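Alright, structures below, take your time with them.
You will see subunit A twice below: alongside subunit B first, and alongside subunit C after that.
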Partner chain A sequence: MSQVASLLIALPLISAFFVPVLKQIRKSLIFPYLVIITLIQTGIAGWVFYEVYTTGKPILIYAGGWKPPVGINLYIGHFAALFALVIAIVSFLTALFSFKAINVEPVDKYAMLFLLLMLGATGMIATGDIFNLFVFMEITAITAYALTAYNKTGEAAEASMKYIVLGGIGSSFFLVGVALLYGATGTLNMAQLAEFASEGNIAPVVAQVGLALVIFGLAVEAELFPLNAWAPDAYQAAPHPITAMFSAFVVKAGLYAMARILYLLQDAQGWSSVLKLLLIMATLTVIFAELSALRQKDVKRMIAYSSIGQIGLIALAFSLGTEAGVSAGVFHMLNHAIVKALMFLAIGYVGVTLGGTRLENFEGLGKKMPLTAFALSVGAVSTVGVPLFNVFWSKFRIIVATLQAGHVWPAALVLFASVVEAVYYFRLLHLIWFSGEGERVRESWFVVFLIILALLIIAIGVYPTPAWEIAKRAGSDIFAVANYIKNVPLIRLG
Partner chain B sequence: MMLKRILAIFMILIIGFWLAKGLSGIPFGADKMLVGKYYLEHVKDQTGAINAVTAVVVNYRGFDTLGEVTVLFIASTGVAALLWRKRRERTAKMEGSVVLTTGSKLLFPFIMIFGMYIFIHGHLTPGGGFPGGATIATAFLLMYLAFIVYEIPHKGFEVTEGLAGMSYVLVGLIGLVIGGYFLFDWIWQTWKLGTIGKLISGGFIPVIYTIIGIKVATELSGIVDNMLKEEVKE
Partner chain C sequence: MISAYYFGAISLILIGLYAVLVKKNILKILIGLSIMETGVNLLLISIGYVSGRSAPILSEGIGPLQAVDPIPQALVLTAIVIGVATTAMALSVAIILYEKYGTLNIEEIRRLRG
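Here is the complex of A and B:
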C-alpha cells in the first residue's frame, strides 16, 4: 500500500506529458487542468503526511522493486512528508494565481514547466540516492531556467542567462563530488554512504573534498553567498507565480539536500571544517542580502533580497551541527515558506492589478486594496520577527541555538541584519498605510487565499507548539542519521 | 587584463591540486565494485538482458532514466516556450545542390532504420533509446539542412512526444499494479517472457527503449525546428 506514495512523482510526470495532447483538444482547459492536478497532488501529499506522522515510520518506495543499494529508493520520512505537502499546497495556490497572472503565450508550455518544477522539488526532498538527487536537481534547475526567461523580455533573458551559467557550473561541481564519493565507496545510496562514514571507511581527504564539492554545487540552488548573484534578477524577472514557487520551495529543496548530505557524513573526518565553511557562507548571505534589500526601488526585488537573507538564516541553523539548530532551521523553513508564498503572491497580485511592482505602486495601497494590503502587512511584520507572528519563534530559536553552539559573532551579525530588515519593511508599511491617495480597486476572489495564509501566520504565531512539534520531528529526521540508516533495509553485498 | 589571467590560472591550479589530492584518496584499480559486482553477477537472470549497462539504466536504476527523459522534455519545452512567436517561418535562402538534396533523400530512410535498430536492440547490443533517438533526429536535421522549405509536422510530433512520455509512466504504473512497485519489470519478473539473448527478451527494456527512442527523436527534431525558424513580420 505504501508504494502508492510513488504517485507523488508519477502523477505530475504523467500529467505534464499529457498537456500537449490536452492542448490539441482544447486550449482553454489548460489552467483548470493545472489546478485540478495540483489539488490531487495536495490530496496525495496530505495522505502521505498523515500516514507518516501517525505511524511515526517513514514510507520507503523501491523503484522497480529493487532493494537499496541495488535500486533507487525514495525515503519519505518526517521531513519529506511535511515538505511534499508544503510544495503541493503552494503549487495549488500558484496554479490558481496563474489564471490571473499568466497571459504571455504559450500557456501550454508554461503548464508543463510548472508541473515539472513541482515534480523536481518533490523528488529532491524525497530521494534516498545521491545520483538520483542530481537528476531531480537538474529537473528543478532546468525548469527554473526556462521559467525565469518565460516573460521573454530583455532583463528576463539576462537573468536566466546568469542563472543557467552559474547553475551549470554548480551542477558539474556537484557531479564531480558524487563521482568522488562513489569512487571511494562504490555506492550511491545515502544510507549506505552514511554507514561507510560512520564506520570510518571513507578516506578523510575524499570525504572532505567530495563534501565541499557537493556543498558548493548545491549552494547555487540554495542561494548562498557568493553564488547567489543570479537570484535577485531571476526573482524579479520570472513570472509572479513562479517567483512564489522559487522562494517557497525550490530554494528549500536545495537547502534540504545540502543539509541531508552534510549530516549523512557527520562521522567523516574533516566534517567540522566543512561546517565552518558553511557557517561563514551563511552569515555573509544574511548580511549582504539584507543590506542590499535596503536600497531597492522595486518591491519584488526587495522581497527577493529579503528571501535570500532568510535563506541564509536557515543555512546558518543547519551549519551549527546540533539537533536544536537543525530543528530550528526546519521550523524556519516551514514559516518562511508560508510567509514568502504569501508575500510574493500578494506582491504579484498588486503587480498584475496595478501594473508593475515599483515602490510607487504601493503608495496608498491600504486605501486601494485594503485586504491585499492587510495580508501583505502581516507577512512583512512577521518576516521582521515581531512576537505573536510565526517567524519570531523560528528566528528566536535559531539565534538561541547559534549562541548555544558557541558562535557569538554570527548571532550578533544576524541580529544586526534583522534590524536592517525592520527598517525597509517598516518603510514599505508606512508607504502602504500612511501615504498616498487612491480609489478603491475591486479585489477578486483570490484575496481569500491571501487572507487564509495571513491568518495561518498569526495562528502559528499565537500558538506555535503544534507547528514546532512537527518541525522538531522533521528536524530529527535530518539529524539522527543512525535512525535513518536503520530505517533503510540495505541488502548485504559481497 | 594580464593580471586577471594570471590570477585565474593561479586559482585553477589551486583547485586542480585540491581535486588531485581528493582523487589520491581513491584507490584506483582496487576492488571497489560493491554494487557493480552485484549487477554483473545477476543481470541475466534478474532482467533477462545481455547488455548490463542498459539493464542498469532502464531496470535497476530506471528511476534515473525516467528523470533524464524528463530533463530532455524540459529542454525541448523550454526552447519552444522561449522561441515562441505567432508566426515563424524558415528564412533560409540558399538552395542546396542537386547532389545534396538527392543524397539526403536517399540517406533519410537508411538513417531512420539504423536509428530504430539501435533502440530496438538496446538490451543486446551497445546503444539504446538515447543514441537511437538522436540518430533519428539527425535524419530530420539532414532534411532541414538540405532543403530550404522542409518542415516536420509539429502537431503530430508534439502529441507523439507527449504520448511517448505518458506510456513510459504508464508502463511504470502497470508495474505498480502488477508487482506492487513503481517501474517494476512485470514483463520479465512476472511473466518470464522471452529467451535470454533473443530479440524477445530483456523484460520491459526494449519496450521502454522504443518509447524513449521515439520521444528523444521527436524532442530533438522539435528543438532543431524551433531553432531554425525565425519570426516573420505580418
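Here is the complex of A and C:
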C-alpha cells in the first residue's frame, strides 16, 4: 500500500508525456489538465503526509524491488512528506495562476516543463541516493533553465544564459564531489554513507573536500552568496508563475539536499570546518541580498533579493550543527514557502493586470485592487518578522539557536539585515496604501487563493505550535542520522 | 605518484573552468563547460578502473572478478546525456541571444541591471 507514494514521482512524469498528445486534440485542454494533475498530486501528497505523520514511520520505496544499497531507494520521511505536500500545493496554485499569466506560445511546452520541474523538486527531497539526487537536481535545473527563457525576450535569454553557465559549473562540482565520496567509500546510498562516516571509515580529507564540493555545487541551486548572481535576473525575467515555484520550492529542494548530505557525514572528522564555510556563506548571503534589495526599482527583483536573504537565513540555521538550529531552519523553510508563494503570486497578478512590476505600478494599489493589496501587505509584514505573523516565530527561533550555538556576530549581522529588510518593505507598503490615486480594478476569482494564503500566514502566526511541532519532527528527520540509518534496512554483502 | 588518469581528468576540469571564467564569447564559454563535463566524466570512469581488468560484460572467461567496477560507467552514461541536454539548451539560448542583441560578447549583453 505504501508503494502508492511512488506516484509522487511517477504521476508528473507520465502526465508530462501526455501533454503533446493532448495538444493534438485541443490546445485549450492543456491548462485544465495541468490543474487536474496538480490537484491529484496534492491529494497523493496529502495522503502520504497523513500516513507518515500518523504512523511516525517513513515510507520506503525500493526501485525494482532491489533493497538498498544495491538498488535506489526513496526515503519519504517526515521532511519529504511535508515538502512533497508544499510542492504539490504551490504547484496547484501556480497552475491556476497560469491560466491568466501565460499567454506566450507554446503552452504545451510550458505545461511539460512545469510538470517536470515539480517532478524534479519532489524527487530531490524524496531520494535516498546521492547520484539519484544529482539526476533529479539536473531535471530541476534544465527545466528551470528552459522556463527562465520561456518569455523569449532578450532579457529572459540573458538571465537563462547566466543560470545555465553557473548551473553547469555547479553540477560539475557536485559530480566531482560525488565521485570523491564514491571513490573513498564505494557506495552511493545515503544511509550506507552515513554508516561509514559514523564508524569513522571516511578519511577526513575526503569528507572535507567532498562535502565542500557538494555544497558548492548545490549552492547554485540554493542561491548562496558567491553563486547566486543568476537568481535576481532569473526571477525578474521568468514568467510570473514560475517565479513563485522557484522561490517556494526549487530553492528549498537545493537547500534540503545540502543539509541532508551535510548532516549525513556529521561524524566524519573535519566536519566542523565545513560548517564554518557554510556559516560564512550564509551570513554573507543575508547581508548582500538585503542591501541589494534596498536600491531596486522593480518590485519583482526586490522581492527576489529578499527571497535570497531569507534563504541565507535558512542556510545559517542549517550551518549551526545543532538540533534546535535544524528544526528552526525547517520551520523557516515552511513559513518562507507560504509567504513567498503568496508574494510572487500577488506581484505576478498585479504585473499581469496592470502591465508591469515597476514600483510605479504599485502606487495606489490599495485603492485599485484592495484585496490583492491586502494579501501583499500581509506577506510583506510577515517577511519583516513582525509578531503575530508566521515568519516572526521562525526568525526568532533561528536567532536564538544561533546565539545558543555561540555565534554572536552572525546573529547580530542577520538582525541588522532584518532592519534593512524592514526599510524597503515599509517603503513598498507606503507606496501601496498612502500614495497615488486610482480607479477600482475588478479582481478575478484568483484573489480568493491569495486571501487564503494570507489567512494561513496569520493563522500560523497566532497559533504557531502545531506548525512548529510538524517542523520539529521534520527537522529531526534531517538531524538524527542514527535514526535514518536504522530506518533504511541495508542488505549486507559478503 | 598520482595516476595519469586523475591528473588528466582534473586538468581538463581546470581548463574548462578557466575558459568559462576568462573568455568573453558565449560560444567559447559553452565549449569550456563541455570540456569541464568531459573532465568530470573521465574522473568518474578512472575511479572505477582496476588495473589489468576488462570491460564489465560478463561472458565466457570474464567473471565478476575479472571486470572493472561497472557502477561509474552507469553514472557516466547518465552524466553524458545530462551534459548533452544542458549544452543543447544553452546553444538554443545562445541563438536567441544573438537574435535579440546582435552579439555574443558577454560584456555587451547587459540589459538586466539591479
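In the analysis below, the second predicted complex is superposed on the first by the 494 of 494 C-alpha atoms of A that agree within 3 Å, B and C clash if a C-alpha of one lies under 4 Å from a C-alpha of the other, contacts with A are read in each partner's own complex, and residues count from 1 in each chain.
Basically, a contact is a pair of C-beta atoms (placed from the backbone, for glycine too) under 8 Å apart; a residue touches a chain by one contact, two chains touch by 3 or more.
All of these numbers come straight from a predicted model, not from anything done at the bench.
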Contacts of A:237 with subunit B and subunit C, given as first, second, both or neither: second
Subunit B versus subunit C as contact partner of A:394, first or second or both or neither: neither
First, second, both or neither for A:41, with subunit B first and subunit C second: neither
Touching partner for A:122 - first (subunit B), second (subunit C), both, neither: neither
First (subunit B), second (subunit C), both or neither touched by A:357: neither
A:145 touches, of subunit B and subunit C: first, second, both or neither? both
Winner by number of subunit A residues touched, once subunit B and subunit C are compared: B
Partner chain in contact with A:296 - subunit B first, subunit C second, else both or neither: second
First, second, both or neither for A:17, with subunit B first and subunit C second: first
Touching partner for A:418 - first (subunit B), second (subunit C), both, neither: neither
Common interface positions of subunit A, toward subunit B and toward subunit C: 131, 135, 138, 142, 145-146, 149, 152, 176, 183, 188
Touch list for subunit B against partner subunit A, complex: 18-19, 21-26, 32-39, 59-64, 66-68, 70-71, 73-75, 77-78, 80-82, 84, 86, 155, 158-159, 161-166, 169-170, 172-173, 175-176, 179-185, 189
Residues of subunit C touching subunit A in the complex: 13, 16-17, 20, 26, 29-30, 33, 36-37, 39-40, 43-44, 47, 71-72, 75, 78-79, 82, 85-86, 89-90, 93-94, 96-97, 100-101, 109-112, 114
Touching residues on subunit A, where the partner in the complex is subunit C: 131, 134-135, 138, 141-142, 145-146, 149, 152-155, 157-161, 164-165, 167-169, 171-172, 175-176, 178-179, 182-183, 188, 232-233, 236-237, 292, 295-296, 301, 305
Subunit B partner contacts - residues on subunit A that touch it in the complex: 3-4, 6, 9-10, 13-14, 16-21, 23-24, 61-66, 69-72, 105-106, 109-110, 112-113, 116, 119, 123, 131-132, 135-136, 138-139, 142-143, 145-146, 149-150, 152, 176, 180, 183-188, 203-206, 208-210, 213, 493-494
